[in-house]
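Following this message is one structure expressed as structure tokens.
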Amino acid sequence: MKHNFYSSEDVENVPEFIEEALKYKYAPVQLVGTGKTLVMIFFNSSLRTRLSTEIAARKIGMEVITININDAWQWELEDGSAMVFDTVEHVKDAAKVIGTYADIVAIRAFPGFTDRTADYADKLINTYMRHSPVPVINMESAIRHPLQSLADLMTIREHVKVENPKIVLSWAPHVKALPQAVSNSFLEWCGAAGHEVIVTHPKGYELAKEFIDGHRVEYDREAAFADADVVYVKNWSSYKQYGSILSKNTDWTITDQTMKLTNNAAFMHCLPIRRNLVAMDNVIDSNSSLIYEQAENRLHSAAFVLKNLI
Amino acid sequence: MKHNFYSSEDVENVPEFIEEALKYKYAPVQLVGTGKTLVMIFFNSSLRTRLSTEIAARKIGMEVITININDAWQWELEDGSAMVFDTVEHVKDAAKVIGTYADIVAIRAFPGFTDRTADYADKLINTYMRHSPVPVINMESAIRHPLQSLADLMTIREHVKVENPKIVLSWAPHVKALPQAVSNSFLEWCGAAGHEVIVTHPKGYELAKEFIDGHRVEYDREAAFADADVVYVKNWSSYKQYGSILSKNTDWTITDQTMKLTNNAAFMHCLPIRRNLVAMDNVIDSNSSLIYEQAENRLHSAAFVLKNLI
Amino acid sequence: MKHNFYSSEDVENVPEFIEEALKYKYAPVQLVGTGKTLVMIFFNSSLRTRLSTEIAARKIGMEVITININDAWQWELEDGSAMVFDTVEHVKDAAKVIGTYADIVAIRAFPGFTDRTADYADKLINTYMRHSPVPVINMESAIRHPLQSLADLMTIREHVKVENPKIVLSWAPHVKALPQAVSNSFLEWCGAAGHEVIVTHPKGYELAKEFIDGHRVEYDREAAFADADVVYVKNWSSYKQYGSILSKNTDWTITDQTMKLTNNAAFMHCLPIRRNLVAMDNVIDSNSSLIYEQAENRLHSAAFVLKNLI
């Protein structure tokens, strides 16, 4: 693995990486992190990521310190600017200083949704990585969530026993404008793992070309779900009309009728899930649901990434 | 002990439990928690509970992760509801996921004070416990605070050398509407330990029948305090006019005159205490005050409960 | 060292203390903190102090618990007052209780800027220390920041190879009213270490007499910088017109022209620094800049202080 864990491109061979991560999951714990410190920095809320990453680090012997950026202050991202407004510290100073204290740094920073170009440049984490003397883990940036995708692919590898499964990524309705990060990364990692994904969503919800390339959009929802082996469900806001909610159409809610179109597909979601909006209780709680397996694999994907960076 | 530590009913024999907890307090520390993780979740503020529970867990070798729910998001409690409003994750999903990462979970969640029936159903922690695959510790729920009561009874056992002490629970004035949890649990645990408590308060402050049963209300304050061996002081808001402040009468403030009515009684309070409102400085700082002993026993009650759940 | 680490007066011999701290920096780590607990309490934001102190403590084996006071509640400082307003717990109760759980307590609490006499009495931390049964570390109080100053002097000792260096403390412009704590402590510690400091600032920015005594104010900026070996830069708000911003004059911004007046001086700042306002990028990022060395020494100054208090 490369110096950081930012995207699938930091992993040389994604299929092998997934196999190794699964082996590591069942191997005896080794305290490879003893004497090392992980600093986790949150610009945004978290439950699973915070708990799973911290526990993974502690299980291999690391010390962990978690900071909400509100415990400190906002960072300046622009080089050369006169810092006369709200930002208190330049990201390059923060990165260099934290890098003298920590052995690995993990960052969560969501998109601002006001400027698509800025969000898709993923400036905060990229600037941080450029100045950090120590490895950086992406705990969900403006456009990517690689720890989630690694856990997702580990879960598919473990539980979907079909060769060349048909994987569908389906948009679902939501009441808030959500990032595209989970969907983007799912496509990126599936592509790197050799899976073409069928993406289905209402018109206007097309994802960024850089992520959709190598996959296939199917606007005919029934055709998309037909014979699917995996249904990965996620809401995202529009990329084209950036950050907008174009539809709250509950025809896109996943129901048992939807699932009957499939080849007894596995139901997947990264959580938190809005029940009876994104999908109905009887789908989420069905035997085909892998949501808790995905969540559990967050622990193992984080542990494997940490071990590789140490 | 049962699977959870929610109320005195999770303990088979309360008097024996108190004796064992005191033995454990003075026994050499054993690292029975090594390799185990405690996740503490706070919906409300805390100082003593947060520090004492976390330090107790670390002393026996556990890893501890503390989350303020504001670091994550609000939980849905209703089954089957369409989650189209403010709640982001269903408590059952949170409980199942956290239970795959943690070995024990501890929760603090105060009453909402808008719906007495809902508060007294103690829905959040009860729903959490129903779905949690791992043991749950009540760090003060809407209506109970068992870690406090266990520490209180350990303190009485250690420091009150009277056989069958007369124990008085006295209401005191306050400027804010406080929960009934500490008072409820004190009555519940005293009852389970074989102590009848004399409860004294202005009319309108009667506690819930389920907690007052087995104890005695004495509206005549002087009669209540006469010959008391223990004076446990606490403000609570009205149960009948639920959540209301009916009186700020400082005649109910505990003074040295009040204490002179007693049999040189021990003065107890769970802290934080509003000085010179709930009780006067010279009472709080007197030799008969056990407030710091109670606070110290919070460490030992937490350690003993954790050890029993491991 | 005395019982607490509040100011330079808690250290018997400051020059020796600095030498020993530097030896300790390069000595093999010893787990002198095993079984001990540090509780860190923040009334204000922090990045470097939080990370460096916590990591220093963990490296020597201590358990660390960090509390933002907003996770708990406000403390009462006045003795004898009837607590009928916003404060929930008296500092003396907090100090006594925390002292039964922790082996060392560290506190950050900035000035209120409404009452100079109150701020300069440094009431919160002084009251806390008076009631604390365990040692207290000042992580920046209303008027002092000794961990920073110790790190600063360690950095000068390591990197400034001039005998009797000319040390300049220069005010620089800022958009917010900042405390005088870093400047006060720098003067105090330099004095105790035998260094006279030349202090330069616009009129009206004179520091408190108790800190300026033994040093020299030079209003002629060019004269101050001439032949300087160390330029320590810091904004502070006015002491005389307490807490006011009297000037935002960017003539006081440190530029390469300013630095050319000096004897190739080391540039120092405690961070966070507002770039291109307090000093220009090409100064901050020059080879003469010691800002990251200072930040790194925060880890070692904290570790040395903790080791001495244990």
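Letters are used for the chains, namely A, B and C, taken in the order the chains are written, and counting of residues starts over at 1 for each.
Just so we're on the same page, contacts are C-beta pairs under 8 Å (C-beta built on N, C-alpha and C of every residue); 3 or more make two chains touch, one makes a residue touch a chain.
Everything numeric in this text was worked out from a predicted model, so none of it was measured.
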Discussion item. Only C-alpha atoms count here: how many degrees separate chain B from chain C in terms of the superposing rotation, rounded to the nearest 5?
Written reply: 120
Worksheet item: Copies chain A, chain C: same or different interface, half of numbers shared as the threshold?
Response: different
Worksheet item: Cα centroid separation between chain A and chain C, in whole Å?
Response: 40
Practice prompt. Give the residues of chain B that touch two or more other chains, as numbers and ranges in rising order.
Written response: none
Worksheet item: Inside the complex, what are the residues of chain C that reach chain A?
Response: 42, 45-48, 50-52, 54-55, 58, 68, 175, 271-277, 281, 291-292, 295-296, 299
Worksheet item: Of all residues in chain C, which touch chain B in the complex?
Response: 37, 39, 63, 65, 67, 71-73, 76, 79-85, 88-90, 93-94, 96-98, 100-102
